[in-house]
Amino acid sequence: MAERSARVAIIMGSQSDWATMRHAADTLDQLGVEYEARIVSAHRTPERLYDFARNARDEGFQTIIAGAGGAAHLPGMTAAMTPLPVFGVPVESKALSGQDSLLSIVQMPAGIPVGTLAIGRAGAINAALLSAAVLALQDDSLADRLDAWRAEQTAQVADYPVD
Amino acid sequence: MAERSARVAIIMGSQSDWATMRHAADTLDQLGVEYEARIVSAHRTPERLYDFARNARDEGFQTIIAGAGGAAHLPGMTAAMTPLPVFGVPVESKALSGQDSLLSIVQMPAGIPVGTLAIGRAGAINAALLSAAVLALQDDSLADRLDAWRAEQTAQVADYPVD
Amino acid sequence: MAERSARVAIIMGSQSDWATMRHAADTLDQLGVEYEARIVSAHRTPERLYDFARNARDEGFQTIIAGAGGAAHLPGMTAAMTPLPVFGVPVESKALSGQDSLLSIVQMPAGIPVGTLAIGRAGAINAALLSAAVLALQDDSLADRLDAWRAEQTAQVADYPVD
Amino acid sequence: MAERSARVAIIMGSQSDWATMRHAADTLDQLGVEYEARIVSAHRTPERLYDFARNARDEGFQTIIAGAGGAAHLPGMTAAMTPLPVFGVPVESKALSGQDSLLSIVQMPAGIPVGTLAIGRAGAINAALLSAAVLALQDDSLADRLDAWRAEQTAQVADYPVD
Amino acid sequence: MAERSARVAIIMGSQSDWATMRHAADTLDQLGVEYEARIVSAHRTPERLYDFARNARDEGFQTIIAGAGGAAHLPGMTAAMTPLPVFGVPVESKALSGQDSLLSIVQMPAGIPVGTLAIGRAGAINAALLSAAVLALQDDSLADRLDAWRAEQTAQVADYPVD
Amino acid sequence: MAERSARVAIIMGSQSDWATMRHAADTLDQLGVEYEARIVSAHRTPERLYDFARNARDEGFQTIIAGAGGAAHLPGMTAAMTPLPVFGVPVESKALSGQDSLLSIVQMPAGIPVGTLAIGRAGAINAALLSAAVLALQDDSLADRLDAWRAEQTAQVADYPVD
Amino acid sequence: MAERSARVAIIMGSQSDWATMRHAADTLDQLGVEYEARIVSAHRTPERLYDFARNARDEGFQTIIAGAGGAAHLPGMTAAMTPLPVFGVPVESKALSGQDSLLSIVQMPAGIPVGTLAIGRAGAINAALLSAAVLALQDDSLADRLDAWRAEQTAQVADYPVD
Amino acid sequence: MAERSARVAIIMGSQSDWATMRHAADTLDQLGVEYEARIVSAHRTPERLYDFARNARDEGFQTIIAGAGGAAHLPGMTAAMTPLPVFGVPVESKALSGQDSLLSIVQMPAGIPVGTLAIGRAGAINAALLSAAVLALQDDSLADRLDAWRAEQTAQVADYPVD
């Protein structure tokens, strides 16, 4: 299979997760990293999950960002079926505010890792930054862009609070 | 495929879960319900999970008892791939005492149900009893045995505590 | 007593739980499963609870869906007095967001099972689906309808998120 | 029915709860308050619970101390069926250390009160002291004994810690 | 000191707690139990707390209902200085939704009991009902009114939910 | 009243807290800060608490370290009655591992501060270090000793882990 | 370096924390304590953090109030690099309501203390009061103002709640 | 500076963390990935942290595994000062079983990512596997070894549990 241009896959359990996960997409846009965003529901489309995860490396993806809420199985099940680095984003859930999402994603047993980020928007942004950091190890241009992004972030912190 | 004699499948994520899940097996033995116990790891053997879950109905199983700990994806992923009733047993985990197991199993999104029991041994016993209650709906002999088991349980409660 | 047409009883602790539990009713409607919805308060109408639970099997019910919030005793007390499968729905509570409801329902001692679903609306829908899965074991037509419902659910998952 | 000499009933869900609840008994012994200790399981002996709770006032009890663990329904269900003051003791559970017991007992809905004490031994002792405080309102001799017990407790607090 | 007509004291840590605690007052009004409501802040008015608690019995109070939020010390400190039964109401706090209030009130050490009710409005109502249950032990008229209140509560539970 | 030599008071709710609080004492010994350790139970000796807290400044104390567990009211009630800085140490409790102690101490309402340290031994040591840091603001010799203590702590961190 | 007039530094991780931390500033204003408020992000401006913390004593600050939310590292890292007393304010976070902020600040290891206040506004006010209490040890005029502030707070507590 | 042979740095807050973190080292050994293990305490050796983090890329490291417990600031502060991917391991803490460690590490604000693994030993092993997955993106031989490791892990899962 020909290598795709998208190096990062952003997958999520449902359309409703996009409100969170689009922040991952926006951040990758800022850094000039190509990605592809798909809906892959571990529970409602398990076949799609199997197909996606088993083929992700051959499709040319290098990292996978997976967001899900509640009993969030998408990141861990993806990691079970691909050797690629998988980064999990716990989406904030209604009743438990994402505590269920967080524990369902981060408490993986030994053998199958998911690098887990914070609950919600911050986690989505950081999953993108972490993917970029991984890709930058073999892409000096991206490393420079990431350094610049971080320097800009630092520069934008004001010295004093304002009312 | 010929119908199997085992009507209940007891699956678990690892050998270490057997210390908990054998209580389900023991209870089914007491009730005269045939079962089969297998190790199916969602994370380490995802293909086995896929094969098991998709074929469970054709294998003649009528209910599935699934036990797992930590980021416990086995019950939910099984339920995603079979129309059979799935009952989940949160195995007590080391650091979080099964709170992670419980939330990972019970907080399933709308569309894919897992009937979840208590953390640990009590949950394993109750998953067996619940499976028996389901099977008893179409098996009067089992219904009688289950009634007797319950009556015996009631009879064994002493009136007064003893030192 | 003559067998009733309703195979599923949906009981709840108060009128206010109906906002959650009606999702169970709606789901059973979609699947063509007859049910009856009643208010049975474990705390305010304990006699009614005793009468309901002890007679549920004779009334012809095959599964019971019980929803309650806070110190939620309805599912467990019902299960104590009927051999039928009982599925519990933790209703989201005000201060603790249903964490109290969940633990009060799921942490049943060995001997009396309650198959517990997720907190709130998702749990109500899934209690209906789980009841249907149980009934489908002896009702091929319902099994077909449930398969179709699940297939439709899968088909409705879009491939890509949209803004 | 003739009034019994025991003014306090100590009930518990199982023999295993006695290790905790005997501290209530010991404390009532110290205060010279007659009590009766019984095993009443909400889940395994619901009829016994029903009989006990509905007759408790006529039996001459004035307060009820109820201890249970996990999905602890005994205190609340008792309170649903008697107008007597009910004091609940959350017994420490294995996996969740009594957090489930506490929430199952204390989070009663408006209308049916359970005065809840601390998890475990401290709660059992305090349930006895609270019962004594209630009875002392109409028993000057007991009031004096309770005052003396409290004064003695104060007197026994050393001024300085010792190695 | 002459005996007061108010048999129940309702104390609270601040004016803002009145939104919760007035439900205790309303319930006592319904039951015809005289009470007095005061603001007593353990932290801002410790002298007032000492004066109140040490004199409460002499003032003729028979039970004390104490509501507070956050690090809620009012119920426990009151119980430390009076032999009267003290019932605690955890007021819902902003960040932690009353989990801090609940633990600060219920987890009293052995020796000083606080009968704790549910977080928020339900707890305030139930503290009033529990006080009434205590007073009814020596007041047959109140016992009748409490029985009637409970019967009315039961009668008002509809049989079926309505949309 | 003549000024005492002890500048720090270490108070605790019971003898059993000394196993934790002696680490505060040991640390002050290392730093050459004089202290006095006393048992002051908020619940069992409220008068002693009152006397201690109201006189602490006049006794010459400059900071107060207060340790307690469960529904831990000692630090906050002390802070309510003295203008001195109060530092609270949540002692690890049996059932809830100090989560109750922590919330009971740290969640003080606006107006009465308690500077709270970590649960258990680490918190006791740090309460001593924080008291020393406060006293060092007006004691150059102590400031030097504290600097040396911190430098030594840094120097003792090995570069590499050893088996 | 010349001693600055500001004796208290109020630092916070971002502009958004100012909504909380300004309550610390307002309280210091009321007490006539000079302070300086700065934004110092542990994560986005680590160099600024190092510079601030290492120089804080030489700049003339006597106490530091540090507020941050989520994985809140600012208070602890500041305390690692200054011998001054550091008081931490857990800012309420979106998903976890400040539970993460609280644990990240209060659970410091032995050796590096952070005196932690309540989550949110109450904590910010109390951090200011605690700083004032520390400074008052060597400033009689401030001690008088703090006593007056506390007396006024006590005087403002009404005796009775109003609707 | 010459490039080092070690591609992964394993850092930890104290010698006591090595019992957990050595599992990361063992796993990297199995995979043939060179690493270097160091003690870097955010709180006791902040200068060492600063030096390490700012120079980690120039030293030739490609990923950093950071383990810490309690108020665990090491992973996040390292991530603040290096563009390399940082993976955090929450070490199990005494009182709170690593819940504090987990939240302190995973809840990083947007802008500075830490890919967080499970609490304890499982997390340490998985941090090594995730580092290997990252390095394998540019090292086909390692990719093959990682594939083999995963295949072996799958092969070792028995089909049936044994007593």
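Of note:
Per-chain residue numbering starts at 1, and chain names A, B, C, D, E, F, G and H are given in the order in which the chains are listed.
Simple rule for what comes next: a residue touches a chain if its C-beta (ideal position, glycine included) is under 8 Å from a C-beta of that chain, and two chains touch if they have at least 3 such contacts.
Protein identities per chain, from UniProt: A, B, C, D, E, F, G, H = N5-carboxyaminoimidazole ribonucleotide mutase.
Remember, predicted model here, so these are calculated numbers, not experimental data.
When the partners of chain C are compared with those of chain E, the chains appearing in both lists are D.
If you compare D-F with C-D, the chain pair joined by more contacting C-beta pairs is C-D. Sharing over half of its contact pairs with C-E by residue number, the repeated interface among A-H, C-D or E-G is E-G. If you average the CA atoms of chain F and of chain G, the two centres end up 19 Å from each other.
Centroids built from CA atoms put chain C at 35 Å from chain A.
In chain C, the residues touching two or more other chains are 14, 44, 70-71, 96-97, 99, 106-109, 111-112, 114, 118-119, 122, 153.
Interfaces, counted as pairs of touching chains, are A-B, A-C, A-G, A-H, B-C, B-D, B-H, C-D, C-E, D-E, D-F, E-F, E-G, F-G, F-H, G-H. Of all the residues in chain C, the ones that touch chain B in their complex are 23, 62, 83-85, 87, 102, 106-119, 121-122, 125-127, 129-130, 133-134, 136-138, 143, 146-147, 150, 153. Contact residues of chain C toward chain D in the complex are 13-14, 42-44, 46, 50, 69-71, 73, 76-77, 79-81, 93, 96, 99-100, 103-109, 111-112, 114.
On the chain B side of its complex with chain D, the touching residues are 92, 97-99, 118-120, 122, 153-154, 157-163.
Interface residues of chain H, counted against chain F in their complex, comprise 12, 14-15, 17-18, 21-22, 37-39, 41, 44-45, 48, 70-71, 94-97.
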